[in-house]
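Multiple structures are listed underneath, in structure tokens.
What follows is a pair of complexes built around chain A, which joins chain B in one and chain C in the other.
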Partner chain A sequence: MKEKLLEVKDLKVYYPKYKGIFKKLAYHIKAVNGVSFSIKEGSTLSLVGESGCGKTTIGKAIISLVPVTHGSIVYDGDDITNIPEEGRKKIAQNIQIIFQDPYGSLNPKMKIGYILDEAVRVKYPGLSRARTAEKTVKLLEKIGLYSNDYDKYPHEFSGGQRQRIGIARAIAVEPKCIICDESVSALDVSIQADIINLLVDLQREEKLTYLFIAHDLSVVKYISTDVAVMYLGRIVEYGSSDQIFKTPLHPYTISLMSAVPEVESKKKKRRIILAGDVPSPVKTPSGCPFHPRCYMKREECERIELKFEEIGKGHYTACPFNRGVK
Partner chain B sequence: MALLEVKDLRTYFNLPEGTAKAVDGVSFSLEKGKTTALVGESGCGKTLVSYSIMGLVPEPNGFVAGGEIMFREEDLLKFSFSRMRSLRGKTISMIFQEPMTALNPVFSIGNQLIESLMTHGTGDRVGAKKRCIEMLKEVGIPGPDQRFDEYPHQLSGGMKQRVMIAMALLTNPDILIADEPTTALDVTIQAQILDLLKKMQKKYKTAMLLITHDLGIVSENADSLTIMYAGKVVEQGDVKTVLKKPSHPYTQGLLRSLPSMHSPGKKLYSIPGVVPQAINFPEGCRFRTRCIEAKKECENEPSLKILKNKVKCACFFRK
Partner chain C sequence: MLEYYINDILRSLFVLVIIGGGIYTVLRMNRNRIWHDVFRQIWSVPIARISFGVICLYLFVFLLDSISYPLFKEVNKKHVFVNSRTLLEVIYTPAREESYSAPMAKYQFTDKKMENKGIHPAGTNINGEDVLMNAFKGIKVAFTIGGLTTLIILPIGIFFGLIAGYFGKGADTTVTYVYSTLACIPEILLLIALMNIFGNGVLQLCIALGITSWVGLCRIVRGETMKQKNMEYVQSARALGQSHFRIIFKHILPNVMHIILITSILRFSGLVMAEVILSYLGLGVPPEIASWGIMIDQSRGELARDPMVWWNIITAFSFMFILILSVNFFGDTIRDVLDPRTRVKGVKA
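Moving on to the complex of A and B:
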């Protein structure tokens, strides 16, 4: 087991905004602003945060779908930052992505068999048509569909089945690492459980590594080994799933958790309702970017230089004040 | 006394393949100042129930085939188009799931808010504007005077949903139908919006129909609960009782499949199969094709009966 299968070092992704007829550079949107993490082979790291915090951008940057402004991405010892389009097939064999919307990510005019054949051919370029189809059928069975689904079109499947097809396409190239970008968010509870089970089973069988991008904390708690909580393009807290869910330290993590409505609330929980929205990444607040919404705010928060401190073993927080109840 | 009573509502669709009984015999009631939740997976007909109440069933294929919707001793289904129109948005308001698509992008939000007031003939334009700004302030929009002239794209998702709530509450409706009001929003914003809805409900004593698929939201916000499966009610009762001790196999399955009910490493429970399509719902108990307890009797149609714990449940094997 490799300790660091995928490593992201000080990643910054800025989107330039231009103004006027001469397209003068006006400002940058700092979507990801200095993020570092690494994933151990066979484990699951979850990126959690509100919309606009940059979690999807990180996923896209890893597979070179958006240009990286600064920092590096290392996969199994190879630098894969900003790979030009021709070289992408090579990363695609190792890192795949499953998108949120199973409706939008399958071509409606193509038969499922054809969509999957295409992916199989990336891994096995020289294979005859019959052998490719054979592999595709095996793939369909593996993810819980039937061999006669080969000739169907995407619209003939339900949402859950379509997401299975998305998963089949991702595992067709036998990758080591899969980025799941909100892959179960659009599904109903009973279907969602099925897909999560499938993802967990596949991980066990194929020793897959997942980067799981999600906002649903109950799913994250269930599936993750480690969790990184993001706010405005930065990681504010990082730790093992146990550390994050049992002893959350950053006020943002705490309020995020308190906001989740639960069916069975054993004790009367204190609900912290954050005021306001996530500020725009165009003008990030000074000091700690969370201070305008923080319920533990102190005066110095507007000025402090943020540091990422290790509190427990492998448990990091960006808040210099809250150390939990000792 | 129930403010609105839906009795045996049937909403069908005529499709080339036949008649789809998308809502087939649904009954529940709304009470003043109380929240009733309508829960189910996509395709179970919960949104169609709200459309039926509002008189918005898509024509010509969709039609209400039977039942009554009693409101102040009158049947809403018998109302003329224009009478329904004067009721809609005034006495019964609705908040939709997608605040992004529910607002018109080419009009300022102030314009759209005022329109709702003017349509229902309440006051002059100047007074209406004042009232709208007041309402915007009440739903927690900072700087309502400036926001009034802004366009939907200038607002965030949470803000837009606040505008929708303001618009729905402007006319002081007796009934508010909230169709997945927070599904498109982040958890922190969801908490704000639910909190706001609760506060407004307390203040105006509105009866609320909360349509959602999130049982967590139901548990924390609703008083009574109706669970739908494939166009029919499978379980109905007090929120605490139903969620603590679900009776119907479907409700039990739904609760068991929540990831928060499992410790990591354990396999998640899932209900086998998928929701059948409205065109070919199974005969008898519609859940029987996915039910682990299904027996021969299930080919007959179960009726909703009252169990010992005062919950209504449509299953032969529950006492």
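Moving on to the complex of A and C:
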């Protein structure tokens, strides 16, 4: 087991915006603003946060779908930041992505067999057509579909089945690491459970490493070993699943946790309702970016230099004040 | 002597290959389940069936008129090339009169073989040529110009549209500038200028029309490609490490194919009309070729005569009208079936 299969160091992804006829650089949209984390082989790291906080951008930056402005991404000792065109196939064999939308992620004009054959051929180029089809059928059976689905088109499947096909395409290249980009958010709750169980089973069988991007905390709690909470392009709290869910430290995490509906608990939880919206990633607030909405706000929050401090063992928080003492 | 045979055979073969290729493509597409559904839906619309039948009739005449063999005359024990004789001329051989004759008039001026048999259903023109025959020959010109120009604009429009839409940035700017510049010039003025440069002729006309009309196709393909490239299936293909080239032609092209089909069919009727308009202006095909535009051009003076010579313009106009109407009806049906915005019954594609 490698301690750091995938490591992201001080990742920044800025989208430049140009204005005027001379295309002068007007400002940057700071989608990801200095994020570092690493994933242990065989574990699951979840990235959680509101929409627009840069979770998806991190996922896409890892496989070079968006250009990285600053920082580095290291996979198994190799730097894979902004890989050139020729290197793509090699990375594709190690890191794959499962998208959110089960309807948009399969080419509507291609048969399922063709879509999967194409993925199999990335791993095994030059394999004969019959052997490729054989592997594809095996894949279909592995993810819970049937061999006669080979000749069907994406529109002939339900959302859950399509998501399974998306998973099959990802595991067709036998990767070590899979980025699940909100892979269950678009599905019904009952089907979500199916897909998550499938993901967990696959992880056990194939020793997969997941980077699980989600905003549904109950799903995250079930699947992840580590959790990173993001706010405005930064990680505000990082720790093991237990630490984050039992002793959340950052006020943002605490307010997120308070929003998770629970079936069992009898006593009514105090809900912390955050005021306002996420500030624009163009002009991030000074000091702690969370201070305009923080319910524990102090005066110095507007000025402080943010530090990522280790509180417990492997538990990091960006808030210098709340230490969990109640 | 052999060269005349080769010339005729090559010309016939070219047309046969194009039409055969078209039929083969449709049959091939029919094997694909999605397209099979589409064809079935198109076929279920009565107006589409009728217009398809009409287009097939036109195509049949076109085919008859395109397959030709050389005709020789023996002069001093030597074979002298007279002209190319098409299958259409073999089937329908009207006599040539001295001048005008009214519709349904009997053959007046005949050689020995004809012996006054037969009538001119649509009369004859000032040169005594059978008007119906000229109209039949106009089909060939119309289809040649419509088809050949489409063949010219398809690769240009698709390629630049895909490149501009997919890569964006510099490629997009370049392509957009080029076609915006072209689109700024009024189409008819540009055509007149181009025809003045190239001179009269069918091929020249095709090239001129090709230069002016790839813009529409390119613009539509570009827009659709821009829409498609942000779909997640394209990103998945990127994540699998597929090359840009493969993504453009294997993943995106099939998804913009329906737009290309609709645009080129509807463009076809526009091209037929453009030929007529340009020939009327004296800039299209040379006057010795029988085309609908030339016929309408000839009848400018005829309408003022007493008695009025109306059959020339009416025949040419009806032939053109029926063809364009059928093509438009057919194209509209295809659009209704394929275009998601106008899709009524909902083909899942």
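In this section, the second predicted complex is superposed on the first by the 322 of 326 C-alpha atoms of A that agree within 3 Å, B and C clash if a C-alpha of one lies under 4 Å from a C-alpha of the other, contacts with A are read in each partner's own complex, and residues count from 1 in each chain.
What we mean here is this: a contact is a pair of C-beta atoms (placed from the backbone, for glycine too) under 8 Å apart; a residue touches a chain by one contact, two chains touch by 3 or more.
For clarity, every value in this text was computed on a predicted model and none was experimentally measured.
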Quick check on the chain A-based superposition: chain B and chain C, clash or fit?
fit
Would you sort A:27 into first (chain B), second (chain C), both or neither based on which partner it touches?
neither
Should A:169 be classified as contacting the first partner (chain B), the second (chain C), both, or neither?
second
Partner chain in contact with A:295 - chain B first, chain C second, else both or neither:
neither
Examine A:122 and indicate which partner it touches, taking first as chain B and second as chain C; both and neither are also allowed.
second
One more residue to check, A:18. First (chain B), second (chain C), both or neither?
neither
Once the shared chain is lined up, is A:155 touching chain B (first), chain C (second), both, or neither of them?
second
Where chain B and chain C come nearest after superposition, their Cα distance in Å:
10
Do chain B and chain C land on any of the same chain A residues, and which?
none
Which residues of chain A touch chain B once you look at their complex with the stated criterion?
50-51, 158-161, 188-194, 196-197, 200, 215-219, 221-224, 241, 255-256, 258-265, 271, 273-278
Can you list the chain A residues touching chain C in their complex?
60, 63, 65, 85, 88-93, 96-97, 99-101, 104-110, 118-119, 122, 153, 155, 166, 169, 173
Could you list, by residue number, the parts of chain B that touch chain A in their complex?
41-42, 142, 156-159, 186-192, 194-195, 213-221, 243, 253-255, 257-262, 264, 267-271, 274-275
Under the touch definition given earlier, write down the residues of chain C that touch chain A in their complex.
33-34, 231-233, 235-244, 251, 254-255, 257, 348-349
